[in-house]
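Multiple structures are listed underneath, in structure tokens.
You will see chain A twice below: alongside chain B first, and alongside chain C after that.
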Partner chain A sequence: MTGVVEAEAVTKRYGEVLGLNGFSATFSEGITGLVGPNGAGKSTLYRLLAGQLKEDAGRLTLLGYPAWGQGEFRRRVGYCPESPALFDWMTGRDFVTTLLRVDGFSRSEAADRSARALEEVDLTADAHRRLRVYSKGMRQRVKIAQCIAHDPELILLDEPLNGVDPVGRAALSGLMRRLSASGRHLIVSSHVLYEVERLTDQIVMIANGQAIAQGDLHRIRDLIDSRPHVIDLESPDPRALARALGGWDHVVSLEFPAPGHLRILTRSPDSFYRDLPDLVLREGVTVKAVRSADDNLDAVFRYLSEGRR
Partner chain B sequence: MTGELGRLGTVTWLSFRSGLQGLRAVGLAAFALFPTAIVAAIASAHPAAGTLSNAALDLFSLLTLPIVAMVILLVLAVAQFRTEIDSETLVYLSDRSIARPTVVAGKYLGAAGSALVFVVPAGVLPLAVAILGGGTAYAAAVPGAVAEAAVLATIAYTGFFLFLGLVTRSALLVGLLFGFLWEELLPLLPGDVPRITVIFYLRSYLSGSIASGPLSGYSGAVATGAAVAVLVLVPVAFLVLASLVFRYFETAPEKESA
Partner chain C sequence: MSISAPRYVQAPVARVGRTSRTWSIVQREIRRRSTWGPLLAMVLTWFIITLWTVVSVFFTSLVGGSIRAAFETPYESVIWNLLMLIVAATVGAGSLADDIGSRSITLYLSRPIHLTDYVAAKASAIGIWILIAAVGPGCVAAGVSAALGWASVSDALAAVGGCLALGLVTAVFFTGICLALSSVTRRSLYAGVAIFGVVLSVTAAVSVISGITQNANLLYADLTSNTQSIAEAAFGLPSPYPTDPAASAAVMVLTGVVLATLAWWRLSRIEVVGE
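Moving on to the complex of A and B:
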């Protein structure tokens, strides 16, 4: 299937530094999360998609068009950069309206669209204020407003929730879901993994300029099943618990990260969870809590990126 | 939907307004008043009427055009691309469906327009102060010629400085070297060397437009029409070059690593 965005072995260098290193991924319809730590290459990918940079090697297309290029197809794409920089002397309304005019909308249509977009991000009341007095969260929201105001098919959001307060996050997440439900395709990046996890199961993981995994979150979980999993146990006598677990062949390592805590590394979490109750009864050890660090996307990412090193 | 002309108008208006914002604009306005302040100071010494008027004209040729206007034009034109690249706001224009040559043209027009707000008064106000301060009244053509020369300087230099702002991170430094070495030293050399400076054509224009006084009779001056043609063609050439460069230009900051 052809994706909304296709990347084939895309490489981008900044002098000696590799921004992207043979990045290959397909971004499907709907919301796709681009997940990776700071410096992984997320913003480089966005800048390539936004036509700000040209790939040194490989092929990158969006909506079937080469990413490096201008033209009317750009009106089908909205881009919200990570940088908080804005034309600070403009008002929020002026900013969004002017960029719509740059995109070729008439004065009246630009004004209407600007008002709607600012309302979507809950900035109507502050639309008359200069951008220089906007808070970080408000700046983020006005960037999203300019990104969606021209009603693009593909929306590129680089760390859109960064700096937004919890209430604003919930509102913007709702907006992203609504945009997706209305047929828009979104690529949303974040280094805060739970943000993406709450938006979509469809993710691309990036580290060191490479896509280290992509697809449904559950499929990615399947991918890592062969890798050791971290499980944290809380017990009043962690050393006794460690002695009992030490005989299990799927337990790779044991450590004591804090008093009353035991962290194990197992190659077979299913076996661990199946056998743990029997062990507790048989050995008479107390286990107050069991936490799998693999239950969230953060752990999935950590496993995959470490596996590449 | 509007056509490319409407988009050009929007970019021009955006660039024009950005040139008149903030402390930079205040500083440029103060700098533009420098020649006026000097003429006022001369007038306060009560020189002969003719001396005061001629001093104001000399200042225009020796200070306003090659230094005051040059610096104002350099700052405003370079800011259009270089400052926006560094501050990461250029993305808001360059990721749109607008053609990149239209962005270049709009930024040129906007920068030139905002520069005129400073440069024309910098040229004309000293003449007014000279007359108000007791100087001899100028012939009718003189203030017009001075204003026109200020406009032509703006047209010519803005194109070059805009190009510099696009192609080099050291645009301000290169521009200052151009202004104070190329434009100041080369006109002093013999032969046809001065003809490869912009200031030569500006002084030729003034010489051809003003019949008498310190600005007339410029040595080796070319005809007024030829001077105007050169002063218009120079920015056209640099705008074409800038459009070609911008077409293939990566607008993200070079300092970014990922």
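Moving on to the complex of A and C:
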């Protein structure tokens, strides 16, 4: 089966800097997560897909068309850029309507579709306000509205959940799932694996401009989980907490990096997160904060990248 | 029984043509520039040129003389060029620079429109603003003068025609300059300063060099000389200037078209990358 988006050894340079370095991946139907740390090349790939950049080498197609250029097939593609820049002098409604007019919809059709898209992202009440007064989350949502308003077949969302509050995230995730369920294809980027994990099992991992892993999330997770994870805990009594955790098989090491802090290394972060609440209740220890150093995927990507060399 | 994922197919919707799509960008761009700066420049231009023309026609009608020459008086002045320059810089400086700087150009160009349409839309928006500033005051002054009996209807209509001809040439010229200089920067302020700098420095340099070398052909590179020559011809007056009005008009239109093409060429090679 051919993919919705296919990249074959795509390279993009910015002078001396490599944005993409022989990136090869196939994005199949449904939702695909594009996961990578900041600076990995996600936005470069999106700009290539949006026809805003031209690949220096390799081959990139979407819906069977070469990505470079502004052909009529763009009507079948929706693009939500990461950049927060919008037409600030416009109202939310004007913004979506204007872009629909550029898509070729009549004035009345554009107005109808704009209203529906803004409703989808829960911005109906704020549609009359100028974009310059929108919060970061509202800006994200209006960008998504312009991206879906023309009913595209392929939707490119670059960090769509960035800056959106938890309630908004849940709503947007629901919207993405609905779009996918109706047969549309979505490519959703994020630098937070857990964010994408809730949306799809299909992911492409990118680091240093290369696809370092792709396919089923569970397989990739297994790969990631074979490496011990660092988790930082904050507690008024870290030693008591360390004693309680010391009995767990998957905990490889314990250290105290600072007063009130405990750092553990575990081979099974899933088990850790599952069992920690029970332990806290049972042992009566206080945990003020839990931070996974691996939530910042830099470490994981470094590990996978190194594994490829 | 087999289960398969739904396959999405866009519902067929009648789409408007390329011209309408481009026009929607023109409309938005005109609205976008309706801010204090351009509006103030526009009001200033209208006020000065209209008043100047009306007063000039009024006194000419009293003391006698060529009414057409009275209508033409403001357009022969350096002030008119300066006002056009102010309008062009305030309206056109950010035309492309703002979109490139904010990367919102991406939102347009990821749609099914061609770069040519986008540049044409931007050019049209700037051109319309400049045309309103260039032609409007003359038309109002002609109407007022004819209504008050200071000028005959035929002289008033000739003045409107003259304004229109000069306005069109001026609009093409300044539109080209604005597009070219707005395409080379991400900041509208730099583009605005560049528009002033380039026009004024070229005009001053050409005046000085042509004066020293006594080479009248160099005056074709001088905005003021060209405008004066075209204005005389457009208002049906004998030209006392050394430059040929048709050649002057050709130079200005060609300059505008070439510069607009350069802007298009520049955009076709620019890649909207991160800051």
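One rule holds for everything that comes next: the second predicted complex is superposed on the first by the 223 of 309 C-alpha atoms of A that agree within 3 Å, B and C clash if a C-alpha of one lies under 4 Å from a C-alpha of the other, contacts with A are read in each partner's own complex, and residues count from 1 in each chain.
One rule holds for everything that comes next: contacts are C-beta pairs under 8 Å (C-beta built on N, C-alpha and C of every residue); 3 or more make two chains touch, one makes a residue touch a chain.
A quick note: this is a predicted structure, and the numbers were derived from the prediction, not measured.
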Practice prompt. Answer with clash or fit: chain B and chain C placed together on chain A by superposition.
Written response: clash
Discussion item. Quick one: is A:75 in contact with chain B, with chain C, with both, or with neither? Answer first, second, both or neither.
Written reply: both
Worksheet item: Between chain B (first) and chain C (second), which does A:183 come into contact with in this model arrangement: first, second, both, or neither?
Response: second
Fill in: chain B versus chain C as contact partner of A:209, first or second or both or neither
first
Discussion item. After the superposition on A, what does A:53 contact: first (chain B), second (chain C), both or neither?
Written reply: both
Discussion item. Touch test for A:103: chain B only (first), chain C only (second), both, or neither?
Written reply: both
Worksheet item: Of the two partner chains, chain B (first) and chain C (second), which one does A:41 touch, if any: first, second, both, or neither?
Response: first
Item to complete: Return first, second, both or neither, reflecting whether A:272 touches chain B, chain C, both chains, or no partner chain.
Response: neither
Worksheet entry | Touching both chain C and chain B, counted on chain A across the two superposed complexes | 14, 43, 47, 50-54, 70-75, 77, 79, 81, 83, 85-87, 89, 98-99, 101-106, 109, 146
Worksheet item: Where on chain B does chain A make contact in their complex?
Response: 1-3, 6-7, 10-11, 14, 17-18, 21-22, 87-89, 91-100, 248, 250-252, 254, 256-258
Worksheet item: For the complex, which residues does chain C have touching chain A?
Response: 5-11, 13-17, 20-21, 24-25, 28, 31-32, 35, 102-104, 106-115, 271-274
Fill in: In the complex with chain B, residue positions of chain A that touch it
14, 17, 19, 39-44, 47, 50-54, 70-75, 77, 79, 81, 83, 85-87, 89, 98-99, 101-106, 109, 146, 209
Practice prompt. Would you pull the chain A residues touching chain C in the complex into a rising list?
Written response: 14, 29-30, 43, 47, 50-54, 70-77, 79, 81, 83, 85-87, 89-90, 94, 98-99, 101-106, 109, 146, 151-153, 181-185
